[in-house]
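There are two complexes below, and they share chain A, which is joined by chain B in the first and by chain C in the second.
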Partner chain A sequence: MQAKWISKKELKKLLTAWTKHYLVYAPIDNDHELAFQMVKEPARIVVDGYSNTRYPAKSLFLPQSEVLMKYDGILHSVENTEKEKILFGIRPCDAHAMQLLEHALVDVENPDLYWKQKRESAIVISKACIAPEETCFCTAVGGSPFNTADSDVLLVEMGEDYCVYVLTEKGISLCKELPDAEDTQLQAVKKLTKKVVGRMPVLLPKQELHNALMASFETEFWKDVSQSCLGCGVCTFLCPSCFCFDIVDETVRKERVRNWDTCMFRTYSLEASGHNPRPTKVERTRQRIMHKFAYWVDLIDEIGCTGCGRCVKYCPVNIDIREIAEKALHREFEGMKK
Partner chain B sequence: MPTTRDQKIQAEAKRLLQEGVVDVVIGFTKGTLPYKMQPCFIQHAEDVEQLELNGLCSNNLAVYLNHRPKDERTAIVVRGCESRAVQTLVLENRHARENLYLIGVPCIGILDLQKIQQHEQDPVLAIQEEGDQVHVTLKSGEKTFQRSEILHNACLHCNHPLPVNADMIIDEAGLFEERTFDKSYLESFRSLSLKERYQEFTKEAERCIRCYACREACPMCYCEECFVNHSRPQWVDSTIDPAGQQAWHIIRAFHQTGRCVSCGACERACPMNIKMTYLTDLLNQDMFKEYDFEPGLDPALMPPFLALGEDNEKFGVGPEGSHAG
Partner chain C sequence: MKNCYEPFPMHIERIVIETTDTTLKSFELTFDREADRKDFFVKYNPGQFCQLSIFGKGEAPIGIASAAWEGDFVRFTVQKLGKFTSAIHAMHVGDPIGMRGPLGNGFPLDKWKGMNILVIGGGCAFSTLYAMTKHILHPSHRADYAEITALYGTRNSGLCLYKPVIEEWHNRNDIVVHQAIDVPEDNWKYHIGFVPAVLEEMAPKPDNTVAVLCGPPVMTKFTLPILTKLAFPPERIYTSLEKRMKCGVGHCGRCNIGHKYVCKDGPVFTLKELQELPNEI
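Showing the complex of A and B:
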């Protein structure tokens, strides 16, 4: 890892220079919300002082709707036209989510090529959160607002400058012109890190939570916490680490597409026979939480939630995943009916 | 802090549960975020103190009648639009009126977070309501709004804030007057050219992420299988391409004709802040012009399109009516 330094003014110039050689995706205020968009006018990039985009960064690698094949009697695969691109300004929670998605989508023998091509062609420049939101809880699930995982470069906003942590070969090639950070500057970054992290929620004991959830499985706890759930796609579509999809043949367009799908939809587990193994929102809510906090732990010993807080913020009935995890951890299900 | 209105709601809920009149009281309780309230389901008299009602209660509670057992004896705290949704659901045989107890609250309106929080970068940290005024703490500082400035549009355009056919009315004054049907805000849309209307509609529709929160938040959208999920035949493109988005929004609106109670719960549930109630309001305006009908106002009157095909004099349909068939 190298530590470099750049002024805000210089960074803007650098961004403009990059847009000449790469496709750059960055947060842009589109009048409705902040969203990762392909940059046409570098001046519109929101560089400083935002928290996160509403629509998650995963959409750039696993688009909500994606054409997998075309057919005109026989199936044709779609050509890989991915160009090298820079993803600028993603938050550590979303970067961490990409690592989780990598586990889900790329096993060694059968990688998801659509994802892989997009992921490999991207240089990820993430941005540390110096002012996390009330709904942020990355520190509770093993992350940090200064997490470097899955990024090529991490920027830390320091007054009128940025500290630039260069983390990979890809990052080095982008930042080689920048001067090294001085020791006093790095001390200041350390101090800031400590201050910001110190105000964030404490780490959840993941194994204990996992065990508690497993023990809660058959109890009425799930009826209780899912009572107000509407069964929409908000929590999972906005989640940076949810990856379920559904493949559909769009016969009119002669395309085989995949669309995001979600375990919260009642049609998700509906079988052709009419049987639905997760017939109500009780089982569906349980699945969402168990997947994140128990099954991921079983699989890779990591929590599958990255603490971005989108589901907390945008759930139309304020179902709060933090609250459910806390309740489970405190074994509120004990004594509840099976 | 519970207001006197809250205390009255709590007292009634307590009585209903203690006397065994109902099995559950559906209302709102404090949420986990300063700008959110959560629907809650109170089954024990000792829990009634959780019940609160304020301008942050953004859902239409009638939606839960579609989730819960039909024979459950249920009390619901209803504002005007929620009571009208209940009437419509009862008419459509979703629930038996005798199993329901409506605790009516003259409406104080619902606040629109988007009007309060102008920028994503400037989040709401606290909201305190005080009569006509609402004090808001934003990250950038304190602000006091007149309630009317930050009301959700559905509430600004509401004609019937008083609950219909409730079993009791909390005797606190609401903030709005009843008025005769008025959706004049639609005139600006009606006056657009066809092309402009299309643009207006499609630029909104195309931001949709097909999460169906609008549908799920809507008490009137209770179909076991929504047309949009139908695969044989497939009615709507499954992707987020414009054609599918447009079809989804247009057809959903049409299914609401004469049924939508203009509560705006769909818009408040939408994570992308997509505004579509003007479509259902346009259709309802036609319903009013053609049939003098307003959804949910008369507990005995079927929505015109549900009455279609029967010999129904009230709506001029049947053998001689222009809408026969």
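Showing the complex of A and C:
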């Protein structure tokens, strides 16, 4: 890892220079809603003063709707036209989620080539959170506002400058012109890191939580926590680590398409016979929480939630995944046996 | 590198109407491309399934009902039930169709060598058991296994699949076949009653025996306790599960039970494996 330094003014110049050689995707303000978009005018990039985009960065690699194949009597895969691109300004929680998605979609035998090609063609410049929101809890699930996982470069805003951590070969190629950070500057970054992290929630005991959730499976606990759920699915659509998709045929366009899907919908698991293993919101809410905090732990010994807080922030009825985890940890389900 | 979502082109070679009510048909598909045929038969293990694909109707996961030695085709027995299965039921010999597979794990036939095999099937779920039994009965495989016993139940005799072959099995001396129907019929020579009750009456010995069970959920639910009562240990009771599926390769999310995906880690599980997972079948 190298530590470099750049002023805010110089970074703007650098961003403009990059747009000449790369496709750059960055947060752009669209009527008060931040979204990752391809940069046409570098001046519109929102670099500071926000906590996160509404849509997670996964949408650039696993788009909400994506053409997989075209039909002309038989189905042909669409050609890979991915160009090298820079993804600028992604938060550490979203970068961490990309590692989880990589695990879910890319296995040795059947890699998801659509994801893989997009991911491999991207240089990820993430930005540390110096002012996490009230809904942020990355530290509770094993992350940090300064986490470097799955990033090539990490920027830390330091007054009128940024400290630039260069983490990979890809990152070095972009930042080789920048001067090294001085020791006093690095000490200031360390101090800031400590201060910000110190205000964040403490780490959840992942195995204890896993065991508690497994024990809660057949109790009335889930009826209780899902009571107010409307089944809108926003928690999963905006989740950076949710990856479920549907495959549908668009007969007019003659295309086979994949669209984001959600375990919060009835038809998601409804079988042709009429049987549904998750017939109500009780089982569906249980699936969402268990997948994040129990099944991921079974699979890779990591929690499958990155603590971005979007599901908390955007839930129309204020269902809070942190509260559910806490309640499970405190074994509130005991005495709620069916 | 191969795109795991792209079906390969096949054609319908033969269609057999299996049941008197015509809701079940078998489709034998042949490969348009030699490379796909080779790839399929290198991988295929009885108990696996494929995603069949009709553009405009989507895809559906269907169990493979043929043994590899039967020829260069793949058989699927399909019940007419939803949009996709109604569309395939309306298709004709010579029509093109897409296919992805074989998918899933299949039955651990190597592990069962030297053992007795008790096959228990109900209704249209008998298809992959049929493929497995055919595989085992082939002269080059039969000696690898001890006694083979099959119990196959259907609501009535007209709903029995693969009638000519099962009739032939009754006359073989290397397999014992028990057939059952739910209510009496004229000229019916075999058992009358539901599969769990007939199984209890048969009282097969659990020693050195694996029980392989495929049927509708209600049959499975009542047959498992009988097997347990007959002292079959959970690690020697196998069953094949169904779920709604899309990708078939463990990416799209929907077919999970706990941290296992039925498409990738199954569809074949032992009762012991299922007991260790959340109860969400």
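In this text, the second predicted complex is superposed on the first by the 337 of 338 C-alpha atoms of A that agree within 3 Å, B and C clash if a C-alpha of one lies under 4 Å from a C-alpha of the other, contacts with A are read in each partner's own complex, and residues count from 1 in each chain.
Going forward, a contact is a pair of C-beta atoms (placed from the backbone, for glycine too) under 8 Å apart; a residue touches a chain by one contact, two chains touch by 3 or more.
Because the structure is a prediction, the values reported are computed rather than measured.
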item	value
Clash-or-fit label for the pair chain B, chain C on chain A	fit
Partner chain in contact with A:Arg256 - chain B first, chain C second, else both or neither	second
First (chain B), second (chain C), both or neither touched by A:Val248	both
Touching partner for A:Cys232 - first (chain B), second (chain C), both, neither	first
Which superposed partner A:Ser77 touches (first chain B, second chain C, both, neither)	second
From chain A, separation angle of chain B and chain C (C-alpha centres, steps of 10 degrees)	90
First (chain B), second (chain C), both or neither touched by A:Val312	first
Smallest separation of CA atoms, chain C relative to chain B, angstrom	6
Where chain A meets both chain C and chain B, residue numbers	246, 248, 251
Touching residues on chain A, where the partner in the complex is chain B	29, 32-34, 49-51, 54-55, 64-65, 133-135, 227-228, 230-234, 237-238, 246, 248, 250-253, 257, 259, 265, 267, 281, 312-314, 316-320, 322-323
Contacting residues of chain B [partner chain A, same complex]	31-34, 36-41, 58-59, 63-64, 67, 120-121, 123, 125, 207, 209-213, 215-217, 225, 229, 231, 234, 237-241, 268-269, 271-273
Touching residues (chain side chain C, partner chain A) in the complex	1, 3-7, 9, 53, 55-60, 81-82, 85, 96, 98, 217, 242-244, 246-247, 249-259, 278-281
Of chain A, residues touching chain C in the complex	68-69, 71, 73-77, 104-105, 107, 109-113, 214, 217-218, 243-249, 251, 254, 256, 258, 261, 263, 268-273, 275, 277-278, 283, 287, 290-291, 294-296, 298-299
